[in-house]
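As written, the chains take the letters A, B, C and D, and residue 1 is the first residue of each chain.
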Amino acid sequence: MIRFSVLGCGRIGTMHARNLARHPQAQLVSVFDVFTKASDAMAAELGVRAAQSVDEVLADSEVDAVLIATSTDTHVELITRAARAGKAILCEKPIALDMEKVKACWAEISALNATVMIGFNRRFDPSFRAVHDRMTAGEIGKLEQLIITSRDPGPPPISYINVSGGLFRDMTIHDFDLARYFAGDIVEVQAFGGNLVDPAIKAAGDIDAAMVTMRSASGVLIHINNSRRASYGYDQRLEAFGEKGMLIAGNKTATSVQSFSAAGTAQGDVVLPFFIERYADAYAAEIGNFVESVAAGKTPLTSFRDGAEALRLADAALESFNTGRVVKLG
Amino acid sequence: MIRFSVLGCGRIGTMHARNLARHPQAQLVSVFDVFTKASDAMAAELGVRAAQSVDEVLADSEVDAVLIATSTDTHVELITRAARAGKAILCEKPIALDMEKVKACWAEISALNATVMIGFNRRFDPSFRAVHDRMTAGEIGKLEQLIITSRDPGPPPISYINVSGGLFRDMTIHDFDLARYFAGDIVEVQAFGGNLVDPAIKAAGDIDAAMVTMRSASGVLIHINNSRRASYGYDQRLEAFGEKGMLIAGNKTATSVQSFSAAGTAQGDVVLPFFIERYADAYAAEIGNFVESVAAGKTPLTSFRDGAEALRLADAALESFNTGRVVKLG
Amino acid sequence: MIRFSVLGCGRIGTMHARNLARHPQAQLVSVFDVFTKASDAMAAELGVRAAQSVDEVLADSEVDAVLIATSTDTHVELITRAARAGKAILCEKPIALDMEKVKACWAEISALNATVMIGFNRRFDPSFRAVHDRMTAGEIGKLEQLIITSRDPGPPPISYINVSGGLFRDMTIHDFDLARYFAGDIVEVQAFGGNLVDPAIKAAGDIDAAMVTMRSASGVLIHINNSRRASYGYDQRLEAFGEKGMLIAGNKTATSVQSFSAAGTAQGDVVLPFFIERYADAYAAEIGNFVESVAAGKTPLTSFRDGAEALRLADAALESFNTGRVVKLG
Amino acid sequence: MIRFSVLGCGRIGTMHARNLARHPQAQLVSVFDVFTKASDAMAAELGVRAAQSVDEVLADSEVDAVLIATSTDTHVELITRAARAGKAILCEKPIALDMEKVKACWAEISALNATVMIGFNRRFDPSFRAVHDRMTAGEIGKLEQLIITSRDPGPPPISYINVSGGLFRDMTIHDFDLARYFAGDIVEVQAFGGNLVDPAIKAAGDIDAAMVTMRSASGVLIHINNSRRASYGYDQRLEAFGEKGMLIAGNKTATSVQSFSAAGTAQGDVVLPFFIERYADAYAAEIGNFVESVAAGKTPLTSFRDGAEALRLADAALESFNTGRVVKLG
């Protein structure tokens, strides 16, 4: 049994706390939020303690692991302190928006041998996972091309954009990690961006649509497309094209119903609205992988290094977007 | 080269005449219609002779085969006369609406050894044919259940209903033949009918919706459903369920386009509107089978006996519908 | 909060107990099974009491409701005793295999005004439910035809067949209830059965494949097909055809992955293996409907009468199968 | 009636000649090939004259139009001579492999006002066309992203690679034209290439896989992926993503059959093998557009300028591939 405290009781912290409460090998001990209303409500719902401070949580000998779901600017400090306190750590992505901070964090914690997982939920999606495992088992032969489609249903508020680190570090970062999961380390990055969705995003200095092309060390060609808006819902697809075949993972809908009328045939539901719904199974599986990893003393599927590498790719994409050149990575 | 005359220059005769004109081993020699305007137009379009009478056609030593696309009430007489004249015969379904006339026709022509094909186009549809051939090759093991969906896009005029012989003999007759093609001879028939579409059809003494259940001698359970209306187009599907698998043949659409919007996902085109479009390939293949059969002196895939058996099943369905009993066939 | 005891700790009782343990408005208090090993294990897993007898459960003033998941032959007695004890009742289908017992049970309990729900899980399947609700909202106009496909992945052991009441009462009973949910009360039933799957089932006096045709009082034509085996998994589909459109609810697969290779394109996963997986959401929603109904003092969506009517249709189908006649229901 | 001569009786010339023979407003007068065996065979099959020289064709006052299906290195000369001879011209893509030659050709012929069409068949594919027309009609709002998938079933012989001008000019050129058809003129091009399929292609100095990203003047982001091999057939897809919706045009299969078995569900046929089959309808429609354009004295849908622009994009892609920089076009 791994005993947890959840730091941050916003939308995603709440979801994680509920998953922890349900997991047979996890025990939720306490929750914390700087807004005590939020932590009190979650504590009451789940019948656990509302901690009054991070110090209290980190000092608690009954807490084995912390799940960090606070704002991005606190991640590095909390990871560092939790590692020093001997806790296992599951931290929401990204580690930070600044590569230097990520490196400094690693310099601090690497010797502490803490179990650290970064919450790249998509590796745990049953459909993406099945494609990965069938590919690894040889079903499509050598992977040659990878196409990742990742479009949000609608743009976030500008207040979020302002602290997001920009599209590549906030949104594409998931796709960078997914690309590495399938194709391994990346050696070339090229990126196009555009402002097609919301003029306010442009005014905020960010882009709202992108296309990224990459090449892996193993020669795989990778395409990622992003948009901050998709009229039909949260569009999350993946195409793995290999020498012997192709595997495509499609979207998820609430039902299997298809309608037929004078307007057309076989129309399905709109796709599930956003990440909480689409990746519900993935988030639960992510917790499972973390719990197993802590119990077995092994590195989780999405490690600190994975978090660092995804940010490195985001930075490279931004550089390519700004310079019009392919960025080569060592 | 088989030399043809087409009798009947209506919608379906015109379609056949054009297919004959295009077939490399067929030669269209003449066309005939009691409405000389129709035959003159077709003759002009295709550069062939407009015959002035059936006698002229049957006496023409340059005509090897006749394609009979006249009204149903003339079929038996034309088949008989053509057989006597030594012509090969491709006659549109049904042979007749009265089983006694069919038997009398056979008594007349059986000794003449004419090649006679009845135009059950669906056996030649590439998708239904592929299901049949894959089933025969063993892909799904022994066939256990067969589901045939056959719905017209909209009801015909009442003038047509009045001479149609009723839903079972006019519309379901295609499904009866298809059932026999997949499951062999039928030993039990049970039918439900209803008036769900058009009150005028009820007033005319006919039904406009039906469900038929049958059992083949080999034990296959068969379901047919019919409607004189389908909002989304001409609905023609088939499901062959066997011990090792299932094969489904779906509808055809004009394009492979799918649309995604706030209203739903993956909506395809409406299905092709009606038989001329849906079965365009089938009609061409039917001509091909007839030409080959005449050339090789063998029985076509859809023989006179097939025409007689389909009518027998239609009569059995009508009897079951009227009596509420299963009708057993010897 | 509705407090429950679960009677019967087999496969389906276990599943229900876990759902109850998870439901926010339900509280699982105790479980019972004549095999104390089973009830002890479930009690331990869920942290509840293992009752020693039905009497203990029914006498327990802290139990508001019982979920009956024992063998069919005990249902009537347990429903009756629980109703007398003032408990709300959620009983697995069927109420009984004998219509007279069902009627006698009702005569006993009707005056007691117990909340009684019969566990017809399919009405709660999100896809079937969506079709129902969209139909009710008018999307397809008047319902005209209903096609229900219901095929088990493989035959049960003969020991089960022997006490099942036969295919119509054991398996088709779900489809009869689903038909009533969509089309209302039924006035005509006709049934074909066959032995296509397992000779041992024939030896046991039962059939293993069936096709049933029905007509509702409102004129809807209904087709049900059943098989005790489907090579590709648990096949559960529904087609609602109306004057303005058609809605089809398809099967569920574990992932959205499609594979493309030299063998073919767009191949999906096999469908979910059996009812526990396919109807996982439905079982949870069923509990939800029961809890709400008890709390609000209203009749659940699947009432005692629904249980009785489904059995009446099963008996009618059996009679039709035996006599070759349409059975008319008043 | 437009009277044609076909120059070049190889695979694609033969296909065009048969389409011309079938078109109601076209008349095939003669065919020519330097291999007289090929032209004699085609002339015999279609009942037309086998011309003995290009001079003979161009001097023939009964020839209104020439269809040039000879090898690429002859295109410029034949276009120029035909234009001078006052013939309308339908020339297979590409105009040439060298932009200077294309410009010189235009300098020669622009004043002659010849009708010149370059055979970019894909604009005439019914599915791509439907996406285009529905987009133009506003169904998806403003186009934002365009994804073109274009993979050959297998690599051509090295002898072909050697004279092809390389992947971008030979294969991607179709996708460049399709991109312009949907998104208008292009202002930025970036390309990745790889050798993933056949080492002999690398040895010949060419690539066999590519990913291209482009931006149109109107801001559309465009992705193209190419491979010289696809195990499941000729993969030709297009995704048009707009502010209000998305339209996807998929592959074509020979039948609508889906198979279900223990191996998986809903497996369709492999896609149509290659361009002759996939684009059969498109080639016929292309002839139709040319015939209409000549008759009406208007520019065909795929003009000489379109041919030049597509080559310009191929050259830009090659430059980007070689330099690792975005290439900007004026």
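In this text, a contact is a pair of C-beta atoms (placed from the backbone, for glycine too) under 8 Å apart; a residue touches a chain by one contact, two chains touch by 3 or more.
Remember, it's a predicted structure, so these values are computed and weren't measured experimentally.
Trainee: Hey, which pair has more contacts between C-betas, C-D or A-C?
Mentor: Ranking C-D and A-C by C-beta contacts puts A-C first.
Trainee: Compute the centre of every chain as the mean of its C-alpha atoms, then state which one is farthest from the centre of chain C.
Mentor: Result for max centroid distance from chain C is chain D.
Trainee: Find the geometric centre of each of chain C and chain D from their Cα atoms only, then give the gap between the two centres in Å, rounded to an integer.
Mentor: Result: the chain centres lie 58 Å from each other.
Trainee: Taking each chain's centre as the mean position of its Cα atoms, how many Å separate chain A from chain C?
Mentor: About 40 Å separates the centre of chain A from that of chain C.
Trainee: Chain B: which residues touch two or more other chains?
Mentor: As it turns out, chain B has residues touching two or more other chains at 231-232, 244-246, 251, 259-262, 269.
Trainee: Where on chain B does chain A make contact in their complex?
Mentor: 231-233, 251, 253, 259-271
Trainee: With touch defined as at the start, can you tell me which chain D residues reach chain A in the complex?
Mentor: Touching chain A: residues 142, 144-145, 147, 149, 151, 188, 190, 192, 194-197, 209-211, 213, 215, 219, 221-223, 225, 227, 229-232, 235, 241, 243-246, 324-326, 328 of chain D.
Trainee: Quick check on the complex: what are the chain D residues that touch chain B?
Mentor: 22, 126-127, 130-131, 134, 139-140, 244-252, 254-262, 269
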